[in-house]
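Each in structure tokens, the structures are laid out below.
Two complexes come next, and they have one chain in common, chain A, joined by chain B in the first and chain C in the second.
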Partner chain A sequence: MLEMTKDTAAAGETKVSLKNLQLSFPDQSGGVKQIYQGLDLEIEKGSFTVLLGPSGCGKSTLLNIMDGLLQPNSADEILIDGEDLRDRPDLSRQMAYVFQGPRLLKWKTLAENAEFGLRGLGVQPRDRWPELMERYFAAVGLSEYMHHYPSQVSGGMQQRAAIVRAWVNEPQILLMDEPFSHLDEITAAEMRRILVDLWRAEEVHRTVVFVTHDISEAAQLATDIVMLTPAPSSICFRRKVDLPWPRHIESDEVMDLEKELRKAFAERAGVRF
Partner chain B sequence: MNWSVTPKSLLLNALPVAAAVLVWWAATTYILVQPRIYPTPQGVFTELVRIFKNEGPIGEPYTHAAATLWRLTIAWGGGFVAATLLGVLAGRKKWVFDFFSYPVWIAMAVPSVVWVYIFLVVFGIEEMVPILALMILLAAPVFLGTAEGVRSTPKELLEMCDSYKIGTRQRLFHFYLPYIAPYMVANARVSFAYGIRIVLIAEVIGLPNGVGILVGYWSDSLYMAPIVAWGLLLMATGMIVDYCIFAPLQRRIRREAEPRPASKRQPSGNSRLKRA
Partner chain C sequence: MERFKEYSAQIASLIIILLGWEISALIMDTRALPPASESFADLVQLIRTGDAFGPLGSTLFRTTCGFALGFVMGCSYGIAAVLSRTFDDLSKWLLQIAMFTPTLILIFLFLVIFGRTSFTVILLIGLVVLPVVGTYIRDSLRDFDEELDGMAASYKAPLRQRVFEMYLPFLIPSMLAAGRIGFTLSWKVGFLAEIFGFSNGLGWQIRTTYQIYDVAKLLAWLSLFILTLLVIEQMMRFAERRVVKW
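Showing the complex of A and B:
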């Protein structure tokens, strides 16, 4: 098990680097659907990178490749901290995944679900687990519910528990695949606030790779926005975001950014909203 | 749907039994008046009292009952554990499922009495006969049920396990077994009841002791009351095991799966964190 250390590098250092990624799947008509044809992507250490793109462009697939869950047809490099994931599969233990749905085990309490992840990733030392869980359940406002079963809490609470299951491992890289897309807008807004608070609360920020197709969500969260075209995907637009937090959805800066993203989507990805 | 045990549900359970006893009494008292072949409820009750007093023609009934229960427990337990583990493996690996699919089909299709004769020829009159026959016959449906349960595991949860690098042991005990628990309990209920029948067949055919020997003895004597009494006792044993072990397990599993308000249930579970 790798020791879970916090990011210490200065901004600008590369955390994840994918080079010349090639991936295709057989499609339903018996042909081949090309997802990536030589995609290159670098993600900066400590950034909150949002991958923005239309459905089916391979955003989630990128997360699966980074986590080692899926092997591309070929790639020149899949580097995590300069080491290739294919040579060092244990590097993926530095990552934790938050999925589109909570994916909690219904026979375990929320705390036991978090413990399930801790045990799987082998986070050491084990005597820190109670403290870690107390801290992160409190951070998302679920202290009182940590010993309840998923069926006893709302969908929003379940998703918060899923965030805790990931965050409690103190991963160097947090992979988030449209984690709020199935929630109502009020709950999703609250969840975004909690997520940003968690991310900002730590002295040295973790690297977050967040997938969404929601331009407004990207504008509210990102420090770095990567826009993908429909498959076969390529990066058609990339922009650093230096807006202060909290970012209000109706603030001029956020709305201007949204406009800019919409325009880029229309002009460069051929997608209109 | 409310599946809890209520006085009304108990009454509904008891009603057909009471009706059957009444019909039985009327038929054997007024129509089939041949107590040796068609025993009355009172005659069966008298035999039950004799069994409880440990009185029998060929040894103590308690010793015979213990031999039957021992065989049943060992064979059922062994068959269940082995079939569950193999079933989990078969649910995950197609080649394991393919490898076992014909043997399982054969085990289920060939009648139990044929298996008992085959094992008697191979092993002679040994304890091994009913235990092996029972293990094979019980393992087959348990294997299939477990494998199907594992195969129905949602892809999303498996992906979550992969992402969190859940190891083999943790995956088996904390993921697969709890996930297939409803299948396992259903398998256990059916196979235990099935097992009582098979172990008796094996004892009737070729073993030196057990309830089956007593049933065979009374059958040869054309005296049915003790046979019915033993039948009732075995049925009661099955029901007690089902009522005290399997039914509460199934209720608990069902409860965990159903949404319920937090206030109605106190936190439970065995998290280390909670104890810390």
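Showing the complex of A and C:
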């Protein structure tokens, strides 16, 4: 059962730890594509960690492994709060996932979609559900649209509803896989603001693992940036970000950070923009 | 307003058909095509005296039972074919044969092999409806968005929740559409089977009126057949609008 309590540990504590991760897939030519060859990754509790890397480097796959949806070929450890996910699959109930697309059920209203997640993860007590939904739909500005079907709202609103579906479970870890990549820039910027507001609004922050290949997005969101090389991927750069919010895309600090990330990408991952 | 326009257009088209029938009958002036008014007078008479309801009830009973059988078997087939590739491969040819065999031949064969009983007609309708509903459901299920499965897995939705909240609602529009097509088919097959091998039902009434060359009454029975089908179809469309709100 999902614990509804917030993270209480101090920042600096490890929430997720992956050690010596090995994963390969058969490729189209009949060979084998190595995704990870001994990847190590640690995610700090309460951080907003952005996994940044080129397409195909296995960023989303990392989220799937953390959520227990995919088993690597081998790994020394896949720890959540110090316990191995393979021994305790129920640990993945502490997590909620936001995908690239909203993945809403079109025959359910936005509120019913959020309830689908609550029911699936078995969030208790059940009588808190209406209050949780009202709170988070209000937080993303969708109170009036809770009882609309996905087809009756815009793409941006659908993605906001998908964020509510995840957040309403009050997960300890929020996994976000390029959630704004399909939106236009204005909507995406608004969504980033909503996300940061939601994350900051809570006294003790949830751990967010956010995947993107957009350097600017990483600079606007992260407290911790992890850069991956093309597959077989390894961590080529890692940096803490201590900029205040709101971070304006044209502020000197954000632009300097972007430059630094571009340089790191070019020098360490061999990727030029 | 849109709905009103839609209904007005449908009613207008019916009136045009009836007017065309009436005018053609006046121009041709033959016993082979009596005026619409004469056939409808016969139809009203059949309904008023209650003579229409016995044959209508028999046909409806066989058709509904056969349709229900075919629908359940068709849905089961569609789901099984998606779940098991082997089952799909094994049943593909049988299904093709069932679909391509002329319905009239099937009617004759069934009446000869199983005898002229209601059970024969119900079984026959079931087997004719099965491939139509089955392929519809199978193909619809194949279009199910796999990303939704991924979403359900990430939210740890158990099988029961996936079935009742994902797969079944996804299938409802296809089931309703397949149901409409299947019921129309059932109605026609049942009707034909009655023409060839029964002593009751709407089909038998049509055959009798044809044998005595009472074309006005034949058309009255035929109108009853079509009207019933239209009413049922409209009811199914209404149900579809009520259920499929998204």
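Please note the rule applied: the second predicted complex is superposed on the first by the 272 of 273 C-alpha atoms of A that agree within 3 Å, B and C clash if a C-alpha of one lies under 4 Å from a C-alpha of the other, contacts with A are read in each partner's own complex, and residues count from 1 in each chain.
Everything below uses one rule, namely that a residue touches a chain if its C-beta (ideal position, glycine included) is under 8 Å from a C-beta of that chain, and two chains touch if they have at least 3 such contacts.
As the structure is a prediction and not an experimental result, all values here were calculated from the model.
A.B. asks: What does the overlay on chain A give for chain B and chain C, a clash or a fit?
C.D. replies: Verdict on chain A: clash between chain B and chain C.
A.B. asks: Does chain A have more residues touched by chain B or by chain C?
C.D. replies: In the superposed model, B touches more residues of chain A.
A.B. asks: Would you check which partner chain A:G82 touches, where first means chain B only, second means chain C only, and both and neither mean what they say?
C.D. replies: Touch partners of A:G82: none, neither chain B nor chain C.
A.B. asks: Just checking: does A:P130 make contact with chain B only, chain C only, both, or neither of them? Give me first, second, both or neither.
C.D. replies: A:P130 contacts chain B only, not chain C.
A.B. asks: Once the structures are superposed on A, label A:R119 by its partner contacts, choosing first (chain B), second (chain C), both or neither.
C.D. replies: Once the two structures are laid over each other on A, A:R119 reaches both partners.
A.B. asks: Quick one: is A:G38 in contact with chain B, with chain C, with both, or with neither? Answer first, second, both or neither.
C.D. replies: Neither: A:G38 stays clear of chain B and chain C.
A.B. asks: With the two structures laid over each other on chain A, which partner does A:G101 touch: chain B (first), chain C (second), both, or neither?
C.D. replies: In the superposed model, A:G101 contacts both chain B and chain C.
A.B. asks: Name the residues of chain A shared by its contacts with chain B and its contacts with chain C.
C.D. replies: 67, 69, 92-93, 96-97, 99, 101, 103, 105-108, 116-117, 119-122, 149, 151, 165
A.B. asks: Looking at the complex, which residues from chain B come into contact with chain A?
C.D. replies: Spelled out, the residues of chain B in touch with chain A are 156-157, 159-167, 170, 174-175, 178-179, 181, 253, 256-262, 265, 267-274, 276.
A.B. asks: Could you list, by residue number, the parts of chain C that touch chain A in their complex?
C.D. replies: For this pair, the touching residues of chain C are 147-148, 150-158, 161, 165-166, 169-170, 172, 244-246.
A.B. asks: Under the stated contact criterion, what part of chain A meets chain C in this complex?
C.D. replies: Listed in rising order, the residues of chain A that touch chain C are 67, 69, 92-93, 95-97, 99, 101, 103, 105-108, 116-117, 119-122, 149-151, 165, 175.
A.B. asks: Within their complex, state which residues of chain A touch chain B.
C.D. replies: Chain A reaches chain B through residues 67, 69, 92-93, 96-97, 99, 101, 103, 105-109, 111-112, 115-117, 119-122, 129-130, 133-134, 145-149, 151-153, 165.
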